[in-house]
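Shared between the two complexes below is chain A, which pairs with chain B and chain C, respectively.
The block that comes next holds the complex of A and B.
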């Protein structure tokens, strides 16, 4: 019961945050010197046409009404029309999101795998852990875009192991139902598509994963080491539990709290990394979309991407809270 | 002295006589680059079915011996000698062998049951890990007296009270019928009434299960109450070993004699400064040759500095490690000259001027997070207390009684929800805390810390003032240049007192300033507070859970239960002829040599939900139906129209004050 209540509270908080984000985006749009009517109709439109368009867009109404309108649109998935593509922003986003989602998710998985390997190798003093750590730190200290460029020079140009751009090299790759090529390949019984998608993902996903991997790994390692010195571990040892049973049965659940928080924070940074890396690898995702929208001040498109990424960040951090509460019963009190 | 047992005696399952031994055990580990000589050649044996009390001050190595027997001494330690459990040497054993011995033969109970239990695992599972199955875990929880054991199986540790948590630890320790339970200060973190319950439980379990118990404690009273034999450790070596009565009542070693004499009991002479062992425990980082106790010993001779004494049998079954003849040791006053201070001049108390008055103070806290989930913790439920100028009052009570909150309200650190707090004179009271290390800023020197309070003075005047304050608390001026981390616990507490008194406050507020200190240091800090109070004319409000400390430091004792004062009166009267049923049970639960405690059932109710009527009625043996009455409106009543003694109980004859019964000092 308390758990249901806890999740409900976090969900309510999430809605409030997204509303605040929408308000901020709306306010920015209003403050921008760019006139949407001008952007739509061009410089030569008549006064009458401009007034008609203003009315059609609802721009002659009070600002509160306009915001209400905007929110109502959001609820129905209407983010307005892009000035540039002349299509609804929602339609555009649906076309670009799967590529970015697949890249970000792969990056997160790689980051978590590396972080966990790094933390456990250091804690258990596995031979070679120091070398692994050094490599990871080195990678994390290089800016993401540079990492991408180095990767392309090494693995594409020099070795020819991995492709340098795009999501797939297969012309008739299946589309749908998920629009994630790794999954769609499996669903259509085309392992070649999945394998090809993985090869395309490997370099850009690793490039965005290294920084978060080090951050999460360090937090996890210090929690693991701290917890291993705690009194309840001494109790478990006195009971005659083995070190493996202690680590997996007792320590991990107590240690993941801080690492889960750090993961939530790093996801935000990772979104920024995704937008940059997509440029380097010609990845047809939100990064490309927003890079084309910013120079022409396509505000509805920029606002749409901002709201989407912001909401994703909020959802992930709400999930972080729920995972932490599941791990630590004291949080629910 | 440890009788060498033939291996066949030890290994046969039946008929073994000795469960565990330490044989010339040395343990050295490194901390901050320094070698810490924790054990320096200790030999003893734990017999089958006995409770061996292992007594010593902090740094004596008693916990290290327990951990070494458990094989939990850590990889960094250098060890020579043997520590055997059922014939298996835990020092040379492999990790797998140690685990086998722990599973088959050992159990452990540690000091703090909150941190010693995994906070994210249900207690049933934690017990089952040791017990093997849920059914066995449930049986064990019932065995150790956990009420509603079935539903408690799925509770998390934070959902249990301190006493129940320690019972859960004990259930884990006795799982699988171990031959030896190692209990490291198992009652130190518990309230005195709960401590008495847990000690009785350990004894009962030993009688029922036949296991041996190594009872590690700093408290001689606890050892006296539970142990069959007592081993006294000093600086990593054995000082004395024998039957409890022989060691504690008829001590043979100067250190044990000193400990027993400086020990605070309800029978200590209040009119003198407390006898305190001179000097401090030697640092385990730099052990000296010879007897480690010789620098503090009044019977030590030149040979004591060179020869390290081995324990020899002085009476049948009674061993002492001292070069001096027994007759000399027992005849001499081992306390040294520093102890025999003249009868202290009584403090001047001006009964007509109140230094601090609290009237109907109420304080609540909101606990719990989230919307509409806040619960109210009733910390203070209408407390009135007046402290005269120059007077010393002790607040006594168990955890959750509100005594520390009252102190913080008096200090102005918390604002009362309602009621009045009135201080005479303008200046604020000063506080001294339990953890002297944590209450001194680590990167500031002592001089800077003290100087902060006299910032207005010029540089030279300030330096002079700091020197003066340090000398008043008995510290040399050189301490001014040191940082808190470079000082010992006793020195740190003195610095805290110097900080509080560099500008003499009207009221000194003390929050358990001695409970983290060893016996001999606690006595000297109490003496110091008494002297400062006399010399500076301060009033003192002293919070403690220890009645024997309260009796010595205070003129009056106020006993608190769940946010209310239930009894207040002259120190001697409250501790020797208590009126309120709660005070009576507190007094009788104080463990002491030669006393059988009366055990109060149950645990303090939660201040989140204080019982109606008299809050104590659920635990009170004398409670009647009317004690439960929500309209009871219980208040402190004068006893025999005297101004000093008041009690809040409807079942007490208020017509006369009982005469104090002076308990004669025991043990010595």
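The block that comes next holds the complex of A and C.
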């Protein structure tokens, strides 16, 4: 019962925050000095045409009605039309999302692997852990775009191991059903496509992963060390279990909670990293879309990306909370 | 009958006499923390340190580092990369400090009001704060700048708008812990008003935690602002700005690597300095 109630409360909070985000984006649109009618018709439009367009867009209605209209549109997946591409923003986003989703997911996997390696290596005092730790710390102080740039100079120009731009170098790569090249390659029985996609993902994904890896790794390490000092660990040691058994069998389950929360929070940082790193690697995703929209003040497009990434972040963090509550009943109290 | 024990605060670390014993970790912390001042001085002195005008072509274009009289090379129209980086570091550093100050003031005020008044005001302010914290700050900042129109001031406003909630949470947490302390009750019984209690008896206790947070945050902000500038949300074209200078010259990477790389390294140097200084401030104020 409490479980159901917790999930319900978390879900309600999630909906409220997404609504607040929509309201904020709507308010920003209203505050913007750029007039959407002007943006659509250009400078030479006649008074009559402007009035007609205002009416067609519903801009002559009271602001509350406009907001209601806007929300109703959102529910139906209508984010308005882009000033630049003249297409519905939703259509544009659907074209760019898979590339970004694949990059962000790969970055998250790399961040988790590095964070776990970092936390365990320094808890178990593995030789060389200090060096590894220093490398990660330095990596986290370097801006994402510089990591990408160094990666290109080293692994593309110097060694020639990895490609420097785009998602794939294979011309007839499959275009469906998931639009994630790593998965589509496998589904179509084309391991070469998957392998090529992984090679393209490796550098940009690592560049966005280092910062979050350090943040998650730090939290995981400090909770591992905290748990290692507790009574049940002393009992397990007294029973003669090895450090390895204690760590994997007892400690990890108790220590993982804070790190999981941190992972959810780091997804926000990772989204920002994705937007930047896509410029460096010519990655055809949301970052490229938003970078092309910024100079021409294409607000509907920017608002669409903001709403999409913001909602994704809110949903991911709500899911993290629910999963954690299922794993550890103490959290629901 | 319960007797309140006299609460004697230990003398804070930064008020103890300074010794110059290089073996003491505290000496190193003081040196580290003074990096904030050193970096601010360097930023102020950028016009004196720069060998050339950052906006004017002064020699052959695309000269490599150490060639043509350019220590760190020249860019595609013959401007000095070193001078542009020094001016860019000045802009980044002050931008980070301004946003921190903004976040500190707004967040501090919200946290102070919420923590000291309690009740529905506290509830309302903290729900708003949580709402902001539940959204990805950098992404939100992009939308704010885009709606105001790209400019340096707008970027500063946008980042401050999304940055304060963190400070509000921390200050509110400290204040509500302090509010239960006997000295606050004593002040109330002595007839002190709400504002006086908040400012004289609660605020000083919440400051150390907020200062530690702020000093650890400078590095994050340097990186976040560089990212926004890289996306084109900063000063417009000729102005020297680290992120934008790197982004605009990416096409030169494989031939004239120094043009896009050096500004990026300048960002990293600023972030490392800020992180070392922030860590030192934490060690001084809150030696755990």
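Everything below uses one rule, namely that the second predicted complex is superposed on the first by the 326 of 333 C-alpha atoms of A that agree within 3 Å, B and C clash if a C-alpha of one lies under 4 Å from a C-alpha of the other, contacts with A are read in each partner's own complex, and residues count from 1 in each chain.
Everything below uses one rule, namely that a contact is a pair of C-beta atoms (placed from the backbone, for glycine too) under 8 Å apart; a residue touches a chain by one contact, two chains touch by 3 or more.
Treat the numbers as computed from the prediction; the structure is a model and nothing was measured.
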Partner chain(s) touched by A:120 [first = chain B, second = chain C, both, neither]: neither
First (chain B), second (chain C), both or neither touched by A:67: neither
Superposition-derived comparison: chain B or chain C, residues of chain A touched: C
Touching partner for A:234 - first (chain B), second (chain C), both, neither: first
Contacts of A:294 with chain B and chain C, given as first, second, both or neither: second
First, second, both or neither for A:132, with chain B first and chain C second: neither
On chain A, positions contacted by chain B and by chain C: none
Residue ranges of chain A in contact with chain B within the complex: 5-6, 9, 230-232, 234-243, 249-250, 253-254, 327-330, 333
Footprint of chain A on chain B - complex, ascending: 70, 72, 95, 99-100, 102-103, 106-108, 110, 112, 115-121, 129-130, 156, 158, 169, 172, 175, 182, 368-371
Residue numbers on chain A that touch chain C, as the complex places them: 13, 16-17, 20-21, 24-25, 28-29, 31-34, 138, 141-146, 149-150, 152-153, 157, 211, 267-269, 271-273, 275-276, 279-280, 287, 290-291, 293-295, 297, 299, 302-303, 305-306, 309-310, 313-314, 317
Chain A partner contacts - residues on chain C that touch it in the complex: 131, 134-140, 142-144, 146-150, 219, 223-224, 226-227, 230-233, 243, 246-247, 250, 253-254, 257, 260-261, 264-265, 267-268, 271-272, 275
